[in-house]
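Okay, structure first, notes after.
Chain IDs A, B and C follow the sequence of writing; residue 1 opens each chain.
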Amino acid sequence: MVALLMHAAEQGLVYGIAALGVFISYRILRFPDLTVDGSFVTGAAIASSLVVLQGLDPVVALAVAFAVGSLAGVLTGLLNTRLGITDLLAGVLSMIMLYSINLRIMGRPNISLLRAETITRSIAALFAPLGSAAVLVFLAGIVLFIKLVLDFFFKTEVGLALRATGDNEAMITAQGVNTKTMKVAGLALSNGLVALSGGLVAHYSGFADVGMGIGTIVTGLAAVILGGSLIRSRRVGWMTASVLLGSLIYRIAVMFALRYGYVIGFQASDLKLVTSLLVIVALVVPALRDRLLRRPKPC
Amino acid sequence: MKRLVRSVVVGLVVLGLGAALAGAAPIKIGICKIVEHPALDAVERGAIDALTAAGYAEGKDVEYLKASAQGDYNVAVSIAQNFQAQHVDLVLAIATPTALAAAQVFKGTSTPVVFAAITAPEEYGLVVDAKDPSRNENITGVSDRIDVSLDLKLLKDLSPSIKRIGLVYNPGEVNSDLLTRLAEQSAPSLGLTIVKVAADTSANVPIAAQSLIGRVDAFFVTTDNTVVSAIDSVVAAANEAKVPFLMADYTSVRFGPTVARGFDYYEHGQIAGSVILEVLSGKKPSQIPVVYHATVAREKVYVNLDAAARIAFVFPQAVIDQADGLYFAGAMWDRKPTAK
Amino acid sequence: MLTLERVRQVFPSGQDLVVALAGIDLVLDRGDFLTVIGSNGAGKTTLLHVIAGNLIPTSGRVLIDGEDVTATPAHRRARRIGRIVQDPLSGTAPTMTIAENLALASKRSKRSLAVALTRRRRREFAEVLRPLGMGLERRLDDPAFLLSGGERQALTVTMATLARPDILLLDEHTAALDPANARRIAELTEAFVERTGLTTLMVTHNMEQAIALGNRLVMMHKGEIVLELGGERKRSTKVPELVSLFSHRHIADDELLLETAP
């Protein structure tokens, strides 16, 4: 049981970074961004091909993954702000384009990292005394660091302007902010995080596969919405914490479903259905609660 | 006398306990596959039957934990982690993504991982050296690698007029991608050209197949899950083009290709089972080289007379003589082994 | 400070063309407070959009402090223009706190990665909110959606004061509030304009207000300025006179008349 929970926590953390990315585009910018199904793989593709084919240091490979992932976000942002293509469609177009681009980056549909110097292997070696908990501790440290950096960013002038772009675009434009630039920047940051997550997942799973991004938006949203229904505060620090909490809970739920679900005939393919049901419940329960207590609904 | 009785009683108790203990701990084997698929399901059945035949009764001597990732690569990792948490004694991983996930999760442990239905275990990084297993740690298994040039030769044997071969494949599937490349490499030496067309989802297969009509003298499909799931459209396109169609999986002959050639995947599972038995009897995976199905048994060839009739194609007698069976009047007919 | 030269704004509407502004010439000196009245469809809001940069006029020029800004995008002009509109909800970011809204408003130039809400800033904001007498200085960390309409409009006005614009545009900014709040916001705005001597342009439906506030008045009808009053002439005009001026030009409007009823 402890091992299972540890694994669930590890997955909750690596996928939690992607959830933070989805949080930025969906919650902060109010931009439903489907690019992530593609940029997640881009990160995995870069982080694995650079390590396996070029022999690069895994940390460098992950950094490049983040950078290229943000380019994917820039693409979607430009499609939307410069060419006037609606947010959903722009994201879909980018995602489709990325499929071919990802195949090019990898050179083949699947790259195995089994015998490569992945970040998880380096960590396990560096923190050997921690034993099997080394990876978990390392991931927790990384994710905490990213969260704190994000929290700080959203308290800066630029970060505040980014939040306002999603909250009241007309107002912030009238206050001198170029919202087009803001959207592109926000999407770049968001997809960079998703790509970083993809790279980490590839190193963690031991392989990168061109199909491993399917459903990233769904699991990302599940984490955001689940977490958001548990922690209702609007303060940035709590919001990012809620996203990570949501990701952890989701992965633990998945672990349990896989482990014990056979009792009710549960199969892995039912996971997507269960995810959507979880999200629906998470969306409806707060609204119901508000209605019962007659609280004013926040926008 | 008392001492004798006492030692007999102790001996009996020890024997009894021993028997009880031996019977109380069945071996746990985790079986995982990436999707549910007739070929992969056959591998699983073949392996289990091989173990049962060797005396490992299901439920008594061995307990199987079966899981399918249903096409989700991320779940494959969770499944392997699950197996680890349940302390399985051995993992049978069928198909590449599940094998990679299991190899990663159990890397550095003493739990043996036996893979099956992997086209190129060395290229995929599952093993360091297929022939010399000493550095493969806890991983070994069975490969269904086919010699694609044999398939191409078979097509050539069907008719001298076959020069251009149309190939529908999913570039996103690792074994299909590899086999397509190998086909392209070996085609020129046979005087053939490959015209390949990509379909990244089963929805795009019909259009891809239709784009080959009029451009090729024959159709060819390898063990590609995406294309196979939409095989009817490819059969339709081949019929419309009135050209022969070779499928690299002989059990698929009933879906309508002119000729089908491939391994018996139930047999493949049995071969995997024999590797598992070697491990269970004490051999380490690092002592077992990868078994290539092609070295154990050859591929089977089935010709489809119904399909040939539809496109007015006549098989050369040599091909029929070598076939392992026919598909005729809606049923498979196996050639009876001739007395030697 | 603000000059409009022969500004025309034409919109296509199906097969026809709608002339929203039919050649406006207007000059505001620094410190002028201009009230604008007119019936619906007279072009008042279009005028404000053109000045703010939300619309680029079909022809004509807009100059701010001598600089031609006719085609400058709204967000760049925003550094010199403050704007308060009728909808009390649209001037504030609902999910962000009062303090964060004020922080957003106080920076109009290039934003950096500096922390936006320092402790000193918070104290400044509390000081600015105290005179409102609404207790908002105690609710700095409340998200804006918890405020009432009147409170949000007061916050919007305060945000405008922080930004220190060159020009202030008011688009019927008290019209959607209840009488008590409307009066309070109107007083706030007056006090602010008087204190800073801001060049102001206020659109209103209320003829009394139009006469009482500011030093100049224009009346618009069908995209044109049909009447201008300034200085002493404006101060001495009474509402009935204004109404008769209206009807003289056959543009009596029940709505306008109702606004002036005692």
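Operating definition for what follows: contacts are C-beta pairs under 8 Å (C-beta built on N, C-alpha and C of every residue); 3 or more make two chains touch, one makes a residue touch a chain.
This structure is a prediction, so every number in the text was calculated from the model and none was measured.
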item: Both-way neighbours, i.e. chains that touch subunit C and touch subunit A; value: none
item: Chain ID, smallest distance between chain and overall C-alpha centroids; value: A
item: Farthest chain relative to subunit C (centres taken as mean CA coordinates); value: B
item: Separation of mean Cα positions, subunit C and subunit A [Å, integer]; value: 43
item: CA centroid of subunit A to CA centroid of subunit B, Å; value: 35
item: Centre-of-Cα separation between subunit C and subunit B, whole angstrom; value: 75
item: In the complex, subunit A residues that touch subunit B; value: 1, 3-4, 7, 11, 99, 103, 108-110, 112-116, 201, 204-207, 209-212, 214-215, 254-255, 258-259, 267-269, 271
item: Complex contacts: residues of subunit B adjacent to subunit A; value: 67-79, 81-82, 84-85, 96-97, 100-101, 103-105, 107, 124-126, 128, 171-174, 177-178, 200
item: Subunit A contact footprint on subunit C (complex, rising order); value: 52, 73-76, 78-79, 81, 83, 90-97, 100, 103-105, 107-109, 111-117, 141, 143, 145-146, 163
item: Subunit A residues touching subunit C - in the complex, by the definition given at the top; value: 152-153, 155-161, 163-164, 167-168, 170-179, 234-235, 296, 298-299
